[in-house]
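Beneath this line is the structure, given in structure tokens, with notes to follow.
Labels run A, B, C and D following the written order; every chain starts at residue 1.
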Amino acid sequence: MMRGISRFRIMLSCPDRRGIVAEVSQAIAAQGGTVVTAAQFTDPASHQFFMRYEVEEDGVELTEEGLRKGLESGLAQLLDGPNTELTVKQDVQRPRVALLASKASHCLVDVLQRWRTRELPCDIVCVIANHAHMEEYAGWFKVPFHHVDFTGDKAAAFAQVDKLLDDYTVDLTVLARFMQVFPDSISAKRAGAMINIHHSFLPSFAGARPYDQAHARGVKLVGATCHYVTADLDEGPIIDQEVVRISHRDTPADLRRKGRICEREALARGLRLHLEDRVFVYGNRTVIFD
Amino acid sequence: MMRGISRFRIMLSCPDRRGIVAEVSQAIAAQGGTVVTAAQFTDPASHQFFMRYEVEEDGVELTEEGLRKGLESGLAQLLDGPNTELTVKQDVQRPRVALLASKASHCLVDVLQRWRTRELPCDIVCVIANHAHMEEYAGWFKVPFHHVDFTGDKAAAFAQVDKLLDDYTVDLTVLARFMQVFPDSISAKRAGAMINIHHSFLPSFAGARPYDQAHARGVKLVGATCHYVTADLDEGPIIDQEVVRISHRDTPADLRRKGRICEREALARGLRLHLEDRVFVYGNRTVIFD
Amino acid sequence: MMRGISRFRIMLSCPDRRGIVAEVSQAIAAQGGTVVTAAQFTDPASHQFFMRYEVEEDGVELTEEGLRKGLESGLAQLLDGPNTELTVKQDVQRPRVALLASKASHCLVDVLQRWRTRELPCDIVCVIANHAHMEEYAGWFKVPFHHVDFTGDKAAAFAQVDKLLDDYTVDLTVLARFMQVFPDSISAKRAGAMINIHHSFLPSFAGARPYDQAHARGVKLVGATCHYVTADLDEGPIIDQEVVRISHRDTPADLRRKGRICEREALARGLRLHLEDRVFVYGNRTVIFD
Amino acid sequence: MMRGISRFRIMLSCPDRRGIVAEVSQAIAAQGGTVVTAAQFTDPASHQFFMRYEVEEDGVELTEEGLRKGLESGLAQLLDGPNTELTVKQDVQRPRVALLASKASHCLVDVLQRWRTRELPCDIVCVIANHAHMEEYAGWFKVPFHHVDFTGDKAAAFAQVDKLLDDYTVDLTVLARFMQVFPDSISAKRAGAMINIHHSFLPSFAGARPYDQAHARGVKLVGATCHYVTADLDEGPIIDQEVVRISHRDTPADLRRKGRICEREALARGLRLHLEDRVFVYGNRTVIFD
């Protein structure tokens, strides 16, 4: 049987200094890899360097483990510093994703349908919702469903969600209009591995009922923001945003309808960027290699 | 000599009640007018009704004064209530506009050039700036220029600006990136007759240095807001907004450059809407009949 | 039991002449109606006049039939001319809609899900597809499904589709990425009652494989066009269009993925405009009162 | 006196093969350079490889000439093939640009004003127009102006333009709404060094009077296209495009007004991309490293 050419993603973040590109590309070549796509960025304020390479094997067979160890060894001096992180992944890996939802279905169904039609390189392993009627949607896509009741003890409910995420060994949790605020302990535990879609163009209209806030202020565009969840509600690093034009004729209900389009687009784009390892987080900002 | 057909704009705002459209259109017909364009809106929350008609004379010769008096008389009962305002204007009227600027030229030059190429139905009667080098731009367009020094006594400087606006009998004052904050007394005196362009997508990043704020927050779009000036800084009724996509590669200087495009677009569109009497203000919101 | 206030849509298209607005609004008032929203337009080239009113009963009970007859009688002189059409509809009417699809599911599922979540004021009465696997999607939404085989005699297949549309007494046929070209006889029979989504920004890339054409030409934006079906393929009156930015990195498959977003947006917006009777067709152009 | 750090742009285009990145980055390091930004792309169809590096000197002093020779020598084997091109430029170089215009001023004034406010890294060395009144604009910016009469012998007029461009030793010719069609001989001579702004979203509405064509077709968006001039009119490689939404209310004159915004944006963005050496042309397509 034929074996395809393996492709790997190499992500490096470290303080900038002279010669990194030459050093890394030589180490890749020494391991038998050839660079097929490259992107890099240095933040002028913090002088942090970010690099994303896609690498193919060049004649020799490469494994993720082998390539990682080879690079760690070849770049030992570079990697032996503060704020430095190297990640190596074979691109056939499909992250395990859990979707969390409440009442609104538009983001949930959109992500599931994109996944079903192979737009999203991941395995959606479960849907968790605090409203039982979402089970029907999970059923359409034959994804296991869990209803967690948030009407009583919220701490217990969150513990149940957290255990489910652990049991499914999820790599990424997607809050697809999940309307409960995670306790800091879980946000911290899942830092960089939990994505939310907020239904406003942050930082405008953070908090509750953003479309009503937008209507009251009389803005001429509304939007949505896809961001990583952090302890500071609605303050996490932004991955993507989308806006749509509105008018005085639009009621708050119209804003919700028009905003739903932004929500599902910003979420789908942000999710795809994350799944393809195109997002680096630093502080409350992101570097996006799209 | 031939006389063209006169066209008039009729703007009415009043509490909604049954039959207004029939009543107004009959009064217009009784005066010898025919409706050529119509737009109306009732705010569902306040039940305030807004109407904008363009009317042409139908066989008889109409004057602005005659049409206004005729309508005031024919609609006396309708107009005799609270929160009611009727405006009648012949559309050949060209509002007298003053442009105020500081250091940045992009909005000033854009408005002047659109005016010169007959995109904007107004007379630009003067340019006032707190930086003397703006005189060159006013000179290109042969518009009188006044330098007002704001480095010393600001109250005196504002009094000087206010007097200039009075002396020029301006109908509209346009703050084309004028970076001084008007005292409440002048804002109140010129309510609905002073337009500002704010260099952020309000309500995000109100206040000073919005592009630096936007960069620090890591948003993925920046924008600009054209609004009426009120005593509450950056809280006035919004006429138009515009946004542009940015990336992590963009420095605060890049945001300023990209944002300038939004600023001049939002200002030009907002100004045009105002000059064509397409904007109604109610509370801190606007109805726009575009 | 309480009875709500009835609301009606009045659509009028006729050659422009003086006084139409006054005449119509008086006729509406005479029937016991009051105008709640109004929009009108006169095409400067053809002098055709278009008007859309939403009218509520004012004290007396109105029926669609009664209002229509009253207006036809009151406006007899106006209506007794060429190129004149008056339509009166109670807005609780829900048009009967058939969805036609082939292989691609994104438009089909999007329309069905918007309908399920009550975004679209219609009854979707059946799904017809030339690919049998679309049955699963119809099943999710509990909509009757019909597979029509187009691999053999296409004329017979189209006759079968046409009979299904007749049997279901559909008001509107939506081609949700249905990839068979209707014969002229059916297009003509269903003129103004059949909407297509074309996967390019028409008139660019009409015909087959538009995303491959777009890629070959190297454009920097791709789009989609929602239009009425006419005998001239891809030449029908355009209701709405949408575009998205692309780059040299995007393969034809990426264009298809990005374009799908445009397709479903343009289709959903166009469909909604049609269902709310906001679209007038004249020649190969449309007037849209949104 | 202090000497700043020199920065160079290295652009390479060649048939793809294994190891290019490592080879080039080693050659750069060997010359005493360090890579500060990198972008690359391989066209999957033609397997052509494109790379753009920004390089700074790393300890030793670099000159453009020295770096070029060093790389040509170090990469001799790589460069000794078909379809291969290496360019090395110090980024302080400011290309010499000529602007050509006809009657419309919006693109001309916008480019000049962006240049004056230091948005565009070039020297604008002359304005050439076939309408004499454009001299006033050139005068504002103190740029030499040449009126070339096209009402008589067009071939002679083009020869005069060509000679002016030669005399000014221009690196780039920008057709800022210049409405004369260049003969093939000049297009060929200046291939890749002549940019045009076309006032439609190509390939829609190529040829004359695109806004009238767009109005006649009833499209819902109009646009503009910035492209390199080639012998095939309106068929050159596209650098950037922009669109704006329109409605049935917009006359052809309104389309021209709204389109002007697209024209100046697409031109300014395309021009900037070219000046920063971010555009590679292959066939009738472009790779843009923005």
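We take it that a contact is a pair of C-beta atoms (placed from the backbone, for glycine too) under 8 Å apart; a residue touches a chain by one contact, two chains touch by 3 or more.
From a predicted model like this one, the values you see are computed outputs, not experimental measurements.
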Most remote chain, CA-based centroid, reference being subunit B: A
Pair of chains joined by more contacts [C-beta pairs], A-D or B-D: A-D
Proportion of interface numbers common to subunit A and subunit B (over half same, under half different): same
Centroid spacing, where centroids are CA-atom means, of subunit A and subunit D in whole angstrom: 36
Subunit A and subunit B, separation of their C-alpha mean positions in angstrom: 42
Contacts with two or more other chains, residues of subunit D listed in rising order: 41
Residues of subunit D touching subunit A in the complex: 18-22, 25-26, 28-29, 34-42, 58-59
Residues of subunit B touching subunit A in the complex: 41, 43-44, 201-205, 217-221, 223, 237-241, 243, 247-249, 251, 283-288
Complex interface listing, subunit A residues touching subunit C: 105-106, 109, 113, 117, 119, 140, 257, 261, 265
